[in-house]
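Got a structure here, written out as structure tokens. Questions coming.
The letters A, B, C, D and E name the chains in turn, as written, and every chain counts its residues from 1.
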Amino acid sequence: MVEWLALYNDWAVIVIMMAGFYIMIARYNLVKKIIGLSIFQTGIFYFYVGLGKVENGTAPIFLEPKVIDDSTTNIAAGAVEQTIIYSNPLPHVLILTAIVVGVATMALGLALIVRIYEKYGSIEEDDIQAIDNKFICQLDDKK
Amino acid sequence: MLKRNVQQRHRVVQVITKFLIPMILLFAFYVQFHGDFGAGGGFQAGVVFASVFILHGLIFGEARTRLVLTPNTLRVLMSLGLLLYAGTGVVSLLLGGNYLNYSVLLSNPVSGQHWGIFVVELGVGITVAAVMVSLFYCFSSKRNFVGHISHPIDENELNSDG
Amino acid sequence: MLFNNHFSVLLIVLPLMAAPICVILRNPKASWLVALISNLIIVLLSLSLLSHVLNGNVVRYELGGWAAPTGIEYYIDGINAVLISIVSIISLVTLIYSKQSIRKEIATPRHYLFYAGWLLCLTGLLGILITGDAFNVFVFLEISSLSMYMLIALGSERRQALVASFRYLILGSIGASFILLGIGFLYAATGTLNMSDIAERLPLVNNSRTVIVGFSFITIGLFIKTAMFPVFSWLPNAYQFAPSAVSAFLAGTATKVSLYIFLRFFYHIFGTDYSFGNLLLGDVLLPLAVIGFFVMSVVAIFQTDIRRVLAYSSIAQIGYIFAAISMATEQGLTAGIIHIINHAFIKTALFISVGCILYRYGTANINQLNGIIKTMPWTCAAFIVAGFSLIGVPLTAGFVSKWYLVSAAIDSGWWLIAVMILTSSLMAIIYIGRIVEVFCFKTGDATNSLKVKEAPFSMLLPLWFLIIVSVYTGINGDVVVDMAKFSATQLLDSLPSLSNSIGNPL
Amino acid sequence: MNVDAIVIENIIVMVLLTLLIVVAVGIIMLNDLLTAVILSGLYSLLSATVFVAMDAVDVALTEAAVGAGISTIILLGTLSFTKRIQKPQEHNNYVALVIVCITGGALIYGTLDLPSYGDPNSPANSNPQLAQHYLTESKKEIDIPNVVTSVLASYRGYDTLGETAVVFTAGIGVLSLLGLRRRRRKEDPLLTEKQQRKQQNEDN
Amino acid sequence: MTIAIDPIITILPPLAVIPFIVFFGERRKNLREASIIIAACILFAVNFSLYQQFLDGALLQSQKFTFFNGLTLFLKGEPIGIIFGLLASFLWIVTTVYSIGYMRGHNEAHQTRFYICFAIAIACVMAAAYSGNLLTLFVAYEAITLSTYPLVTHSGNAKAKRAGRIYIGVLMGGSIFLLMPAIIVTWWLTGTTDFIAGGVFNSISISPLLVTLLLCLMVFGTGKAALMPFHSWLPNAMVAPTPVSALLHAVAVVKTGVFLIIKIVVYIFGFDLIAQTNAAEILLYFAAGTILLSSFIALKKDNLKARLAYSTIGQLAYIVLAALIANVRAIEGAALHIVSHAFGKITLFFCAGAIMVASHKTLVSELAGLGRKMPYTFTAFLIAAISIIGLPPLIGVLSKFVIIEGIIDSQYDWLIIVLILSSLLNIAYLLPIPFMAFFKEPQSIEAADSTSQSVIEEAPTACLIAICITTAGCLILFFQIEPIVHLLSLIETTSTTGVGG
């Protein structure tokens, strides 16, 4: 049962990623593409964070900082029944970084979109392509 | 996204905002400096901190916010944050450790780590807050587009492009 | 030269700290100076690093003082030391060039942003090259990519630059996401992020489907980043519409750095046997590479904008390099590395000379540059020499590359590939010859306007520096060949394990 | 904790992920960009919840602040400058669909050998030099309760330096594209004359 | 005790004169051309002294320059190279004298550029002549192509540019696509590209098919040898100014091509290997075909320079054929033919150029009656034509004779028929020109036309001097061939000792 659920989770994450990926490559609207990118990336974040999840674990923040003394420092995941199990902090760290990267990319992309709209009057990729092509044609005619 | 003369129309919201802002600020500082003990850290705090100004901008008009936090200050702040982070590493280099080895910052390695993390997180917080506020400024400034939209074929551009 | 392990970290920290200083200073001249000085120091440091590494040392530097798999470490051997030097030298050279060129291309209030972006891009590229941690590659890849999008968009005097930048952003983000996913799969399979550590643990889980998928996602992501044949579409527009200094810089470095990641991952981390033996990477790579360089050379012939010709030629050259490294032999790898090095210098020189023409004539359209050798003899001469090098005329760097490429192909028994490489060289004759003919022997509008002067000295100096380097490495080819051989053998040996790490600092 | 708790936790994640799929498909379908943006804000909030369920509270906080906050604001800002409605796309892009299916298939193939969700003995979770080192040794070495912070700022502090640089890059990138200055001024009735003068000085 | 002399000194005079050319420029033409003539004389003197030193037993070899990965570049004198060097340097003097008359008479533009490229080309020819290994020769070969390209496109009009494109395309394309891989394979198989007496493949076993393939690649890759079907650049290159056609496309460039083939046959493959594997047989058919076909085409060409160009293609094929027969006698014949054809053909081109300068006529059919106005020119033309055809007492007969001797020594007797047939064809396309000029009355309308426009007189004196010198060369060498034959006999000894090993 649990395994089946876990597999379902993995696959759901993949479906989410692919939904974002599809928006990125199939939609002509530039804003949509950026939204797609963020969905795609969020999918990747679930994947990473899912890797660090430990059954019965809690967030990797030591709960009683002053109580545990040296004799009981062994709080390895699943090592001793009484101790608290923590999830793996590393994927969280990686994903914090990745989220920042994601929002940075998004901001830059959106700034580009604003400028593109200013210059082209459209944020649809096919329109922009058409305008550019027309421009090149005119260039050739001029010669 | 901003409506002019908001002040007259949304006085209630403004009053509430005035109450909210210090609280959010407090929360931002909490997230920043309590990140060692609970969830949070420089990045999250920076975003929350920025949201104070974004809120201010949304409610009181971005022009006013600009007077509180000028673009030039932002530019310097975002640079300083990064410099603070990278500079901490350089200090540890100068003190004889590897880059970003906070243990050498103080005589006690563990408190060195504490201080190092504190400073570094502060750097992250400053940069993130400054960048986020300037993003808000950039995306909300009034831009007079109508004259700027190039027509599909711009004769001038034709010439310049060859 | 004197070498200290801390030099390696300064390579990254210097430009990283110089960038915010530029932003604080805000003055165009001062930022240029800051960028220049920091870059100069980086060049010196990288050369010292290179000589240290070529003596057989492997530099490992533990950041934060944490032992390797726990913390992040630098891992520097032949291939990245060579590329670090090349990237920093090319950056310095193009930076000198940029001072004049951006005056015409970018509004003065934005100059400080340009230099800050440039330094960040340099940081990103060097960071990718220097690191020994898989996830760290992603972080610095994003620094370099974001700053590249920005730098390309700065050429927005032409609006196409914006679209080019946006398309690059979308494709580049897909590539980066794929790489991130691939690294995630590797992490899931091995539980570690350190390259040497992954390499050590991979043999235990070699047959895992997770590893195979991680492998393929990294491959596809890198294909996009290197502008490999089917997914190259971001490159021509980006190179054409970016500010000329940026195209010169990117042409020499950006795709090369992605190629380095490729080499590092597939030769070093996965191991030659696994990548090319078990997973048949060569069988996928080779046809794409060959079609790539062949088709792109043909496409280059039909372009009217010189920068576009050069851009397509760049994709073709990437094809050569991929063809060479897909042979998975020492010969092939050596040939690939030689071509990476030589092409970096040649293409930068070509883009700089086109930039000089652009600076004076405001166009790089081949139909409007008749007989410009009369007005800009030094620029045209440089273009011609670099063009010869691209073709592979003897006594230029390109000849050494071609010689090695062909002999590596023959050595592997791939006669057909050798023939294809040569055929594609013939096309290089056509597309370069076509431009040279216009420059030298056509008379027309451009000839009449004799008012146009030769490009300023500060632009010619970097140009001719690159030309001299490329001719020197063509005449005394052993300089490059030895470095490439050294790097290739190091790459083909498996990574030394963490336990017996050499050069532990302090 | 017992098995039931695990199952319930899993079911929560499952339901949330299903909701996320629904929202994502909604974003694909919608032509109204404004609604799509609002949905993507909702999507971020949901994902923050998912992260909490996966024990990643720091990530959740960030996702909530960034995804639901900043991202939505700049997306709305963009829309206010551009268009609200997407041009309807007549034909479906089958090539894209095929690419997506292949990629998804590859990913699913890759997950077959993945350690099962929440496995404490998976390579990632049991590596004594990474995950376990952080959980056991950071107490001695750094002594900060939030392990994520110690890993973020110290063990992998270099990554975070890079991350800060990315934010900085994006900041100056947007600056170079849009500029911090106001394009039009003197129209804000809220400002006194003195303030306006100050702003002009600022701009110059 | 042998003394070693560095043949690199042959490259220096042509390069050293370039600053002078630039310095004097268009304003002081006389000084400019005087400096070139002085340089040319020095070059000839240097070559001559090298020749004497060689006879005295000196070792003419330069320092080896390491290129990369064990590949080296160096110069080394050997008999054929010395002959080639002497020939080219001597004819450079004559051509410079000639071009003074031609270029000024014709009011050509860009004369400075012309002389600079010319000097560079000569320097490269010297490097080729004294090249010590195949790689050096290849590098020099490419350099010649590039330095002569501006000469071909000199006039800058559409036709010249098209010719330039074909020129670069065929020569460079051929060398990069065919010659370079052949060199790489040779190097890959043997680890050397040095010219070794008796060939470099002695130490390894190599399949006959591969030998044939390599030989074909090298011979066809040498586009400058103009073996059909790689000949089309040569007639096209005739748009260049006549001194270029004369020195470069009758002597320096094309001779570098055949010189390369001779070197390959003697020092890379060795006679034995070619004889054992029959590698050259297929190429002999090509060469024979080229000889006959080019003669037929020449017959039909009305443009004088084009006719001469096709004649050159045919004569080059003689040399290629002789080289590929690959025996001592034939190689001697080939080397001799380089000399004899050089003198003969350069005279013919000089005459063609003189006619063009004096009368602005380029078509054979227009030449009727010109002989009386330009008697010296056409007499020289007649003499040179006879030399090319191969009649005594002119040098042409000697080289053809030796080649035939070589053929008799070989197994390919049928080639004699080709040679005889071709000689007849030579008569058919060359002799009518002077005869028409001397004995045919000019057509009335044209005569009136030309007299009304300008009075045709003899060519400029400088041109005449040059023509006389080369014509005299054709005659004198017939009687003074002994030194060359002696020099050539020195190859024989080196190669036999090499083969013996």
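Throughout what follows, a residue touches a chain if its C-beta (ideal position, glycine included) is under 8 Å from a C-beta of that chain, and two chains touch if they have at least 3 such contacts.
Because the structure is a prediction, the values reported are computed rather than measured.
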Inquiry  = If each step moves to a chain the current one touches, what is the fewest number of steps from chain A to chain E?
reply    = 2
Key: Chains partitioned by contact, chain B not counted   = one piece
Remark   = Note to self: most contacts are between A-D
Note = chain C to chain E, mean C-alpha position gap in Å, rounds to 45
Inquiry  = Counting only Cα atoms for the centres, state how far chain A is from chain B in Å.
reply    = 22
Query = Taking each chain's centre as its mean C-alpha position, how far apart are chain A and chain C in Å?
reply = 28
Task = Find the geometric centre of each of chain B and chain E from their Cα atoms only, then give the gap between the two centres in Å, rounded to an integer.
result = 77
Ask   = In chain C, which residues are in touch with two or more of the other chains?
value = 16, 19-20, 23, 63-64, 135, 139, 142, 146, 149-150, 153, 156, 159, 181, 187-188, 193
Message = Quick check on chain D: which residues sit in contact with 2+ other chains?
response = 57-58, 62, 66, 70, 74, 77-78, 81, 107, 111, 114-115, 122, 124-126, 130-131, 134, 140, 145-146, 148, 152, 154, 156-163, 165-170, 172-175, 177-178
Request  = For this structure, give each pair of chains that are touching.
outcome  = A-B, A-C, A-D, B-C, B-D, C-D, C-E
Task = Report the residues of chain C in contact with chain B in the complex, numbered from low to high.
result = 6, 9, 13, 16-17, 19-21, 23-24, 26, 61-65, 157-159, 362-365, 368, 505-506
Query = In their complex, what parts of chain C are in touch with chain E?
reply = 388, 391-395, 400, 402-404, 406-407, 410-411, 418-419, 422-423, 425-426, 429-430, 433, 437, 440-443, 475-478, 480-481
Task = Would you pull the chain C residues touching chain D in the complex into a rising list?
result = 16, 19-20, 23, 63-64, 66, 69-72, 110, 113-114, 116-117, 120, 123, 127, 133, 135-136, 139-140, 142-143, 146-147, 149-150, 153-154, 156, 181, 185, 187-193, 197, 201, 205, 208-210, 212-214, 216-217
Ask   = Which residues of chain B touch chain A in the complex?
value = 37-39, 41, 43, 128, 135, 138-139, 143, 145, 148-153, 157-158, 161-162
Request  = Report the residues of chain D in contact with chain B in the complex, numbered from low to high.
outcome  = 57-58, 60-62, 65-66, 69-70, 73-74, 76-78, 80-81, 140-146, 148-150, 152-154, 157-158, 160-161, 163-165, 167-168, 170-172, 174-175, 177-185, 187-191, 195, 198-199, 202
